[in-house]
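You will see two complexes here that share chain A, one where it goes with chain B and one where it goes with chain C.
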Partner chain A sequence: MSFFKIETDRSKYPQRDAEGKMQIDLDSGKYVKLWQGPNHPGVTGNMSIELTLAGDEIVEAKTHVGYLHRGFEKLIERRLFIQGMQTSIRMCVAEPDSNEYVYCACVEELSGIEIPEMAKWIRTLILEMARLQALLRVVPGQGGTFALGVGVQWGVYMRELILDRFEELTGARIYHMFMTPGGVRGLLPEGFKKRMEENLKEIDRFIDRIDNLMYNNAVFKKRSIDVAVIPPSWIDKYGIVGPVARSAGFKRDVRKDYPYLAYDQLDFEPKVMNHSDIYNRSRTRWHDLITTVDLIRQIMAKMPEKGVFKAETPNVLHWQIPRGETYVRSEASRGEYGLYMVTDGSDKPRRINLRGPSYNNAIAVLEDLLVGANIADVAAIMVSLQTCPPEIER
Partner chain B sequence: MSLKDTILPFKAWGNLFKEPVTLKDPMREGAARYRGFHKNDINTCIGCGSCEAICENEAIVMVPVEGIETKSGDSGLRPMVDYGRCCWCALCVDVCTTDSLSMSNEYTWVSDDPEEFKYIPGVDKKHWDDSEKGWKKPGPDYSFYGLKRVEMDELKPEERQDSFIEIIKGFSKEEAIKEADRCVECGICTATCPAHMGIPDYIRAIREDNIEEGLRIMYETNPLPEICGRICTHKCETVCSIGHRGEALSIRWLKRYLADQVPSSEYAEVLRSDSIEKINRKVAIIGAGPAGLSAAYYLAMMGYQITIFEKLAAAGGMMRYGIPEYRLPYDQIDKDINYILSLGVDIKYNVTIGKDISLEQLEKEYDAVFAGTGLHDGRSTRIPGTDHPAVYQSIDLLRQITLGEPIEVAEKIVVIGGGNVAMDITRSLARMQRQKYGKVQTIATSLETEDIMPADREEVVEAREEGTVINPGWGPREIVIENKKIKGLKVVECLSVFDEQKRFNPKFDESHENFFEADMVVESIGQGANLSYIPTNYLEKLDKDPRGRIQVDKLTFQTRLPWLFLGGDIIEGPDVIHGIANGHKAAKGIDQYLNKKMEE
Partner chain C sequence: MENLIEKLKNIFEIKDAVIQRPDLCFATAKKEQTISLITHLRDYEGFSHFVLLSVVDWIEDKQFQLTYFLNNPTQKYDVAIRCIIDREEATMTSAHHLWKQIATYQRELKEMYGIEFPGSPRLNESFILEGWDNIPPMRRDFDTKKYAEETFFPRERPATNDPAEYMKSKLYPDE
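Take a look at the complex of A and B:
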């Protein structure tokens, strides 16, 4: 095989100086500057990566955000506590329910409200459904970055089935706004569990088909195995969480580490792997799909049939919360998703700050991970980190 | 990589012969809970504007609507939704105080005119107006504000039934703040209150525990908060928007809470009344009732020199001489009145206009005269037997009780009347019976059946708790007298009180008689005015309606005689809050009149 191997002349590539910084002389004519994004099918949302290429190898990458800034944190700081919920969800379009939960939980914690048992179970169900629909996009989406579009199309349909259930339960498909500070806005509709089970059976079959299509696929394997490997030392250095950390052997899952809602009553074990390349990162998410489907089944079996679903709250039109601060975390499909809230005794939050996993993954990790990668793999690497620009620029 | 990895992906070809999953037209129907376009039942909607208040996108604006009039309990406004802003969160539906607003499951609407997407649900007819499906509140208990009142602590029947101790104990700070929290600040109450008190504002002051600000807000429109906080007819509570789904706010008790918190010694400082600039003009006020006191307060605050002429030995009018002490203790009346008098208001007791001093004399000595002389002459049913000495007028008895004069308390008493005054005398006499005989044998009867009795519901309930019998729905026919002694009251069933034109025109079933045993009968069917202090030559000049009642300007309460202003029960009401409102408006009217006179 060595006959076909092309030996690259590394002397043309930039050399590192004593501090490890790449020495790039753009005037030398050896390099190409290329912007991937802000509008690019290979970029998940509106951000851009400034690439410096030597041939088709990336020698330097710089991430740029700011194309999507909507100032949601500031907007929430000018809204009543009840009104913040609808704004908070828009900080992450792909999985809005984590926003809803952390926002409501912050308000509840700071005003000392304990939500009823029923509300905890319904919130858990919603969060798992949200994880399921997010994974149904990102798992086949990894194939999509290698032009394997068929899985994406299957996934979109499967996701629609979950959105149907969302519509039935919450009255909306994407922005559900079903949790309010104090609990939730209703019980499960009649026959919901039966229809959900039918959908889950179909998703079970989808999971098997995806296994055949992607993870037992010679091309996919060739493109993903040992590509963009995140060494274990990076996990704590960059604050990497969620499936990316788990694929590198770090068992990080807020649901297990800091159980919230009804997660302590559920039986599950998040998948951990030991080598974080594109293949394993995607595979970890595929395992998460199986776990999530199982969790939804457990929740529906264990949750009470009826009960109070909303705690008594102060009048929402002039709800004032005493001085305080809190940080509430939850496990989104991308990892630890937390909200920091400061209140000052008025009817609006003093400060809101969202900690989303994409901030670290897409800005810091991506810059370093891209160096040495092939230009054709940029989209795959980005998706393997499951970046969500709206969550970076909130 | 194995052979398996090359072959397995081709399993995807298995889908080739499956039915497509994509949807074709027509569009699928939204779920039963779908948050689609808005619907509003405009007849149930009261235009409270809570939907507008909660909307984070300012997508809802309250607008006037043709064909819907502003009336008591209805602002006349209806929500207009702008779909360029709406985010379909449905919080407007969840906060709606009347359950009139909901959403349909309709979600497609095509138009090339963007202005069309601003529309008034329920008014601009849409095909989804009748759709059954769509977002609604999940249940009658689901609410964004407390639906239940904070319970008021009061004396139990056995603790109160034989004394005149005040029944209502008043809110604690925690209770008041909790009750104040329920307010949605719609302002329907302000519009309905005759005095247009800034109710949402002083309720907010309670929530923020800013008692002094609350007192200042109350005094802007009502100088008798201690009194009104106890015995106001609370039209505000009747129309309170929270009352549509739950229990109306206890606005009256909240007002009382505010006034109770400030000791009278601090009033001047809190209300900043120590820097009034005096004007050298004199106004005479006849009658120290709510109207007269209110006019006196606002005129004194403007700097006028006020003299009140009061027929009786103490100020307060009907508030002191008509309302029993268990509802309105005398020290609370004094607290409000003393503050008004402390502003330099001069009061002359035991002076009757027309007897001790004439109206002409007042006209000469003062720049303007305000008269709020009230209704102090009890009306009689004029049935046979009412001329018996043991037949009394409730208003006379109540006055005597306040004055401490001994009154006859028979063993068995019948009270004719179903209003609050009837309940007052029934409950007062019941207390005195219990003191004297150890048991209660008082019956109150009225023309109106229980559902339309004019008395407040709690008055009827409490009267019964105290051992009296309330037996409404009977028309009095005759007071049966044997050997010059009353035996009782003969009544017949009253079928209806008002005719189709809503005029007083009772119909009776003469065949269905009843008899209430009694040694004493008290008539309490209303009171009339005594205007004998107005000389005939003046009286002739005043405007009157076809029924002979004097008419005044509705804004200034000025009569045809420019210097004479009339207000209170003789013009509007009868109740305290109308008197206060009249007094306030008359004060402004007098100020306007005198300013204009100066210019001339």
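Take a look at the complex of A and C:
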């Protein structure tokens, strides 16, 4: 039995016209306009959704962004390649290391620079640590949308442990900039692997507890199973990637499909499910958490102890890149995360354009997925798509 | 990849094909054939995943370069189709009927570059900017610094170093 009954008689509800547009007469007194966000605990950052409700059922949803536009892509067009680093990483707050990687990889590819083996392993480690800290927030965060706050508190603590390791390795907790065009800035500190292993053991226990707390919880299951189902036909039609696509039965993972850095030397299999509702999308991410912990262990066991960590690069103040263009992708915790870079022979990029999964998820997918949903489920649906507004309005 | 380019050349007028990586190639199509080409790639060549629609402002040539990135998830490679349009009368055929997310890209490009996509849904609704009355801000001739100085009141700022000079003194002190 569902907590929220959706009326099956649709005759009282607005109908779509021949162009598929919802016919809504706000003056009829049947509907309510409600803005969820930008200041609302249930929205994932600075965006808002304009909802039209009939009772507590959503009949139309429109996403509005623009609350944190900082013009990063424009700013980078006026920066040297090395100066673009610290601007580009801020395009995604939740997982900035993916920005570091795609930006560095574009610069290196267009300059014809091959990075050393050691740098590949350290970059892989950083990307997996970044995925881990992002998942430690979003996996229990799904419970938080159903007022299950305990897991969120645990997750915050676990994430802090990984941020401690980031601070030890890079000197920074959020924006690390440990990657640099040509490689990385240094080797792992003495005893880093031992301390990381201690943290991973704690996270192992957390993963088991989350399994009990969320996925065997009657309220969580009732609120998430068969809610906001994404049919397989939507995956390509809407450009859905990452865990959302995998939960619908599509084995899409950039690390496997287009192996980069040291991923081809690691043994892992991304979890694929066959019914993309809130429960399975969250469950897919929970499995990703297990995979990521395992990958960090594999990386630490397989990576060389010492070696050259940065290739020779031109003088960064006079670094000019010949005219060219490329697109480099990586797998962030949300899915395919890519950067299109165009160079024109000068010392600054002509154009960079970020492609983040939230661009599709938060607008095209969310607007259609919310129609017919209950008002109480909006926050849960957003979190299940892992929307991240900063990567929409770069 | 070469086979695909040769195959497409038999049907469409394609030039400047560049194989950037074994899994990525760029090619330029004629403006009037671009949407037919990407429809063909979607329907007959397995490019079911639309990755990105981007634009590059070649102001010196008075041209915009639209770039449509398509991905073939089975063969695991990408094709980027470039389309050159006139910068002064920037209009392009809409592709919103092919993939759902394209309408969002086109709405953004209308706002940020002033490119028209007739028929695209909600094209004229503001996307990121609200009440913008200047030239589209991502165009190369829009000067962000000048705009900020003219629009916002002057503020006292702490003394700063010129980034280039500061970096030079730190990184290359002998130069």
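Quick notes on this structure:
The rule we apply is simple: the second predicted complex is superposed on the first by the 380 of 394 C-alpha atoms of A that agree within 3 Å, B and C clash if a C-alpha of one lies under 4 Å from a C-alpha of the other, contacts with A are read in each partner's own complex, and residues count from 1 in each chain.
Definition applied: contacts are C-beta pairs under 8 Å (C-beta built on N, C-alpha and C of every residue); 3 or more make two chains touch, one makes a residue touch a chain.
Note that the structure is predicted; figures quoted are calculated from it, not measured.
Overlay on chain A: chain B and chain C clash in the combined arrangement. Once the two complexes are laid over each other on the shared chain, residue contacts for A:P38 go to neither chain B nor chain C. Contact with chain C, but none with chain B, is seen for A:G71 once the two complexes are overlaid on the shared chain. When the shared chain is aligned, no partner comes close enough to touch A:G55: not chain B, not chain C. In the superposed pair of complexes, A:Q83 makes contact with chain B and with chain C alike. When both complexes are overlaid on chain A, the residue A:P270 reaches neither chain B nor chain C.
In the superposed model, A:P14 makes contact with neither chain B nor chain C. Judged by the touch definition given at the top, the superposed model places A:P232 against neither chain B nor chain C.
Of the two partner chains placed by the overlay, chain B and chain C both lie in contact with A:V316. The interface of chain A with chain B overlaps its interface with chain C at residues 80, 82-83, 315-317.
For chain A in complex with chain B, the touching residues are 79-80, 82-83, 85-87, 150, 154, 157, 164, 167-172, 175, 177, 180, 185-187, 189, 209, 212-214, 216-222, 309-310, 312-318. Across the interface of their complex, chain A is touched by residues 1, 4-6, 8-9, 11-12, 15, 21, 30-35, 50, 53-54, 56, 87-91, 94-95, 103, 135, 138, 142, 144-146, 181-185, 204, 207 of chain B. Of all residues in chain C, those touching chain A in their complex are 20-21, 23-24, 26, 48-52, 54-57, 67, 69, 73, 76, 78, 80, 99-101, 103-104, 126-130, 137-138, 140, 142, 144, 163-164, 167-168, 171-172, 175.
For chain A in complex with chain C, the residues that touch the partner chain are 65-66, 69, 71, 73-75, 77-78, 80, 82-83, 109, 236-239, 241, 250, 252, 257-258, 315-317, 324-327, 329, 336, 338, 340, 342, 350-351, 353, 355, 359-360, 363-365, 368, 393.
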